[in-house]
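Structure record follows, encoded as structure tokens.
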Amino acid sequence: MGMVGGGRGAFIGAVHRMAAALDGEIELVCGAFSSDPERSKLSGADLGLPPERVYGSYKEMIEKESKLPEDVRMDFISIVTPNHVHFRPAVLALENGFHVVCDKPLCFNMEEALHLETLVKRSGLLFALTHNYTGYPMVKQARAMVRNGDIGEIRKVVVEYPQGWLSTKVEDTGSKQASWRTDPARSGAAGAMGDIGTHAENLAEYVTGLQITEMCADLSTFVEGRLLDDDGNVLLRFDNGAKGILHASQICAGEENNLNIRVYGTKAGLQWFQMEPNSLYVKWLDKPMEVLRTGVGNLYPEAAAHTRIPAGHPEGYLEAFANIYRNFAICLRARLEGKEPDPLYMDFPTVSDGVRGMRFIERVVYAGSSEEKWVKF
Amino acid sequence: MGMVGGGRGAFIGAVHRMAAALDGEIELVCGAFSSDPERSKLSGADLGLPPERVYGSYKEMIEKESKLPEDVRMDFISIVTPNHVHFRPAVLALENGFHVVCDKPLCFNMEEALHLETLVKRSGLLFALTHNYTGYPMVKQARAMVRNGDIGEIRKVVVEYPQGWLSTKVEDTGSKQASWRTDPARSGAAGAMGDIGTHAENLAEYVTGLQITEMCADLSTFVEGRLLDDDGNVLLRFDNGAKGILHASQICAGEENNLNIRVYGTKAGLQWFQMEPNSLYVKWLDKPMEVLRTGVGNLYPEAAAHTRIPAGHPEGYLEAFANIYRNFAICLRARLEGKEPDPLYMDFPTVSDGVRGMRFIERVVYAGSSEEKWVKF
Amino acid sequence: MGMVGGGRGAFIGAVHRMAAALDGEIELVCGAFSSDPERSKLSGADLGLPPERVYGSYKEMIEKESKLPEDVRMDFISIVTPNHVHFRPAVLALENGFHVVCDKPLCFNMEEALHLETLVKRSGLLFALTHNYTGYPMVKQARAMVRNGDIGEIRKVVVEYPQGWLSTKVEDTGSKQASWRTDPARSGAAGAMGDIGTHAENLAEYVTGLQITEMCADLSTFVEGRLLDDDGNVLLRFDNGAKGILHASQICAGEENNLNIRVYGTKAGLQWFQMEPNSLYVKWLDKPMEVLRTGVGNLYPEAAAHTRIPAGHPEGYLEAFANIYRNFAICLRARLEGKEPDPLYMDFPTVSDGVRGMRFIERVVYAGSSEEKWVKF
Amino acid sequence: MGMVGGGRGAFIGAVHRMAAALDGEIELVCGAFSSDPERSKLSGADLGLPPERVYGSYKEMIEKESKLPEDVRMDFISIVTPNHVHFRPAVLALENGFHVVCDKPLCFNMEEALHLETLVKRSGLLFALTHNYTGYPMVKQARAMVRNGDIGEIRKVVVEYPQGWLSTKVEDTGSKQASWRTDPARSGAAGAMGDIGTHAENLAEYVTGLQITEMCADLSTFVEGRLLDDDGNVLLRFDNGAKGILHASQICAGEENNLNIRVYGTKAGLQWFQMEPNSLYVKWLDKPMEVLRTGVGNLYPEAAAHTRIPAGHPEGYLEAFANIYRNFAICLRARLEGKEPDPLYMDFPTVSDGVRGMRFIERVVYAGSSEEKWVKF
């Protein structure tokens, strides 16, 4: 693995490295950790990389790694930069035959997204998008339950993603994280809706297997002087006739990272909270509620395959994130060995999920400012 | 107290009687418990009333009680019938000088509602509407915190009322409760939105002190053959610029009676769940979450005045309901004694709250079928 | 009902009155509310009783009520005084043919307890002890599950009753509640162990149907200058070979009234918390945990018979307390009508439960100061 | 790092590897993964190690690694075998100048324990014992709060460790995990008390900073034919006069891995649950309960230093486990570089904690079979 971004002071780069390291399947062999070559060098040294494989730019990295022997050079790149620096490294990597792992959202706008999708398909290379929240075992259990008809036909979906960390104008206080996320030039057309609304959209479609067909949105910017939305409330309609609500916010004072979803079918309702990820609440129509727990009883193979330790030993965010890397690595290894991977592990978000996320951003921003009640997805 | 409705097999009538009895302030002295005089007699006998004060109709009751000596006759009537039988007994009682307690929603349509409001104002009589959920101590604490500026300026409100008991067509199985609630002739223009959506609307406005100004709604009827909405998702806008979401449903499989509210201000967020009513979660921007509990520490007087027992001795639905009756009784007693009641107890939903609820029903039904995105409240 | 104690400023008297009033089965007709006749008069007036039936002492009450016509005089007395004033009014009432409801613990010492038990048996009168915590529907569900073998043979029981309100020397600050509970002359041989330890003991034996046979205890007095125990840790052995732990404390800072129990059998474990009384957690060996809820699904008749309102409408402490009064009233009414009551309602703590509680106090205090490891119950 | 044990099918070995890998500080360079050399080879190959550094026995590993150049050979060994195979590899490693990480409990009996302690002290080498539960950030927060006097003088401690997985005789069903833990020849003098009771003891002493001075124990073996305790209830006395309860069990049907602790001081109580490890409940005497959360607000540096990701991104068991490895690695690196490590990271269980754990096992087993009430620790 070669990393683009994630130098000193970055948050998500370190997460990617821990997630990639956890299972001993992936080795960080090189990186272009910063657009500032000096900073990149220092970051590489922190990570114990040999200086000759710490590059001053992703271009240099891709170019030089391409020339290394096959058993030495990186197999794939991992892009952990802000949104506006996803597209070009991804394109260059794909054009040079490197597989790609990319942070979400996919890129900056729909044009880039569609270009990337085409390129991935044409190249035949693997492309994983780190919508990490679908990596949790109990999310996979929920999806399997829906797919197997356990909760009947879906009628209603409520997905929420409240955070509170942008309740004040922290982007003016030197926060690197806040700064780029609230800057249209780096974040794209949306603020909260792009940063976390896309996770909510991805989670809802992943768990239900449905697609959003129409949206009605009310987006707001509560903090004065901010340029992008910091709150959004959206009514949803799904392709099977189900109705739904999606709301995401970064001004819900006191909320940490409270992504959660409820799915109500004709037979039962499911409820899952990211902050208590090892429990899945199943509310049956005519019998007591069950609390399914990671590692307890007969869960579906999809859940069991993404669990590392026994029941009652809590697994968290990094393990869910690592499930994406591990599945990507398993599929990549199978590819390199000319085998078919076990379908249980062919489960990570793809470039097409990324295109859907970009479409969500584009349409929800449009819907937010539109006089029309319903906007097609 | 004389009761209209609430005969054998009724649910809410028994609740009203327990709530009225709890504090020893109110005595049931007569009733017209059913439109079937025989059934009314039997119900009165069950309750140990003397036969001469069990009446065959509310008309008979009001007429005959009016003629009893002042210290014998009922002081007020309590109307616990289905929605379409609220208006006439209320009018007759008011016209004959009786105070009124009435179950919610206020009546059948806006016309009746406005008529009632006028009549109450003209008569100067007391009128309480049993939006019981605002009777909980921690709801009063939340309202006091908002009013005192503890959470800053309100930005976002999320109020939910999911139930699951109408997930199947139980109105066809002989359920008296389901039957009238799903019948437009008895329930009115709305199903779930009238039965429980009004509670959600009332709770949101009570806690925040704000008024809803605009709504965008998507109402659904999921159970085939049902005539009224059994699910609704609504975007809200408030008079201070805050945004909100209200959703109420009776087809959320496995949900019991899960009314809950979150209010986010510039300084903190509040969260309260009706099913665990003695806790109020306060999520501060920059310090740990606090869990305020009925009876613990220095709550506002509004909360303390509506608590009967020490901390850790859970108070529930009936006690909250009884707070309306007790406050009504305190105000009535003060009136009869020519005194001013303690303002702490001048706190029960009035006919004007009822008018607002009826307006909500009318407008949300309109919004649900409208092509307009935003509908004025 | 005639009440002994419970005048102005008392806590538990008001609870008894609300519990007795809730179901409209019992009427307060007279009382001796204080040992101070003037205070008794004032309290009676507060409650709207006619002055001639407010007495200056329980002796006067029992004597004068005995002489009233049968259909006028009280049917039973309710004793809500501190522990040292339970015995004599109970004896006098029984000797004069009045049934008795008595607050817990039964009395002051074993001698009184055994005398009372004999007297009750000889008189054939009804005697209810208000161990109110066994009145909760989900406690009755737990008991029924154990009895029906749902959790298999019981192996381990953990019952806890932590409170924090005596963490400082509040008895010196004018608290009437704290004052008598920490005074050996009024409370008896034990402090926390008598006041709340007996509830824990009663709950454990009620739910399991087992009897404690041996105890090993460590009692402490943490607050300087206090004369009775304010904390106790006890190992238990039961008559079927099960082991257990009971701890009760009034110095667990920040705890409200956190009575709770866990019972582990060979097939499943049960867990119930008094502060969230409408949930019963059932932890199965090989399938997901279930959360049984008051009013949801197919509970045992014992639970359903003690529930007043639908699922999701929380019932609390007063309703549980009222279940004792209601069951007592049902049995008393059947007695007066010469019928057998429905066995579902022949379920309230009796004088024999009270004797067991007094034995618990005596033995646990002995065990606490004993060098022996195991003390017979 | 060279590993002893942890071959195919082992549980804890994989945990150690993930924990060591997470932060990129430690590299697995060699191993003796099984006492069966063939199995060791296969396990090493699974892990991608070069065949020449996969050894047939720990003896071979230590001997051969000793002869490798300093910058190639392993720096320390990690012992992840059953209890009876801790002592000898540890001794041999220490004698050959290798630092040691060892799974808990320290070894097989007190004699071994004291020998090891002496050897570690004499050698001056680093020795970490993986009592991983003290690696959680909120455990460190609790310890810091106690140390800083936030909760006042400690009066009572309740520590529980219920599991249910040995409720039936799973050791007869081929479970490798169950098999050695229930075998006196491999597990030592205790079953549940050794396997998990030691964690409870370690957690209680770590958080409180107190030492247990006396114990009164009731140990049981509920599953027929089992040779070691599978349940134990223990009364505790601490060196400051505080009282406590410790219970640990592997027959609590339906419990997963429910380690939890409550500490009550004169000012507040603390509560922490391993299964929901990112919350610490602080119950104050006179103000609302606070819920401290990993990453939220101003936690003590000890908590912050052991947190990897922002609030609301749950950290779990592996991250806590990894904190031991990371701190060990930081201290080891400082040692190799001749520096003093930051005291915040000089925080991992040592050989002396291990000796205390072995003493706990010895004394609690003695106390369990003793007629004496109190046994000195």
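We call the chains A, B, C and D, going by the order they appear; numbering starts again at 1 in every chain.
Criterion: a contact is a pair of C-beta atoms (placed from the backbone, for glycine too) under 8 Å apart; a residue touches a chain by one contact, two chains touch by 3 or more.
Predicted model, so just to flag it, every value in this text is computed and none were measured.
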At the largest C-alpha centroid distance from chain D we find chain B
Of B-D and A-D, the pair joined by more C-beta contact pairs is A-D
Rounded to the nearest Å, the gap between Cα centres of chain A and chain B is 43
Per the C-alpha centroid definition, the whole-Å distance linking chain A and chain D comes out as 34
Separation of the C-alpha centres, chain B versus chain D, in whole Å, is 55
Multi-partner residues in chain A (2 or more other chains touched) are 255, 282, 289, 293, 296
Seen from chain C, its contact residues with chain A in the complex are 282, 286-293, 296-298
Within the complex, chain D is touched by chain A residues 11, 14-15, 17-18, 21-24, 28, 47-48, 163, 255-258, 274-278, 293, 295-296, 308-319
Listed in rising order, chain A residues that touch chain B in their complex are 151-152, 155-156, 158, 160, 162, 164, 167-168, 216, 218, 220, 222, 231, 233, 235, 237, 243-245, 247, 249, 251-255, 262, 264-269, 282-285, 289, 370-373
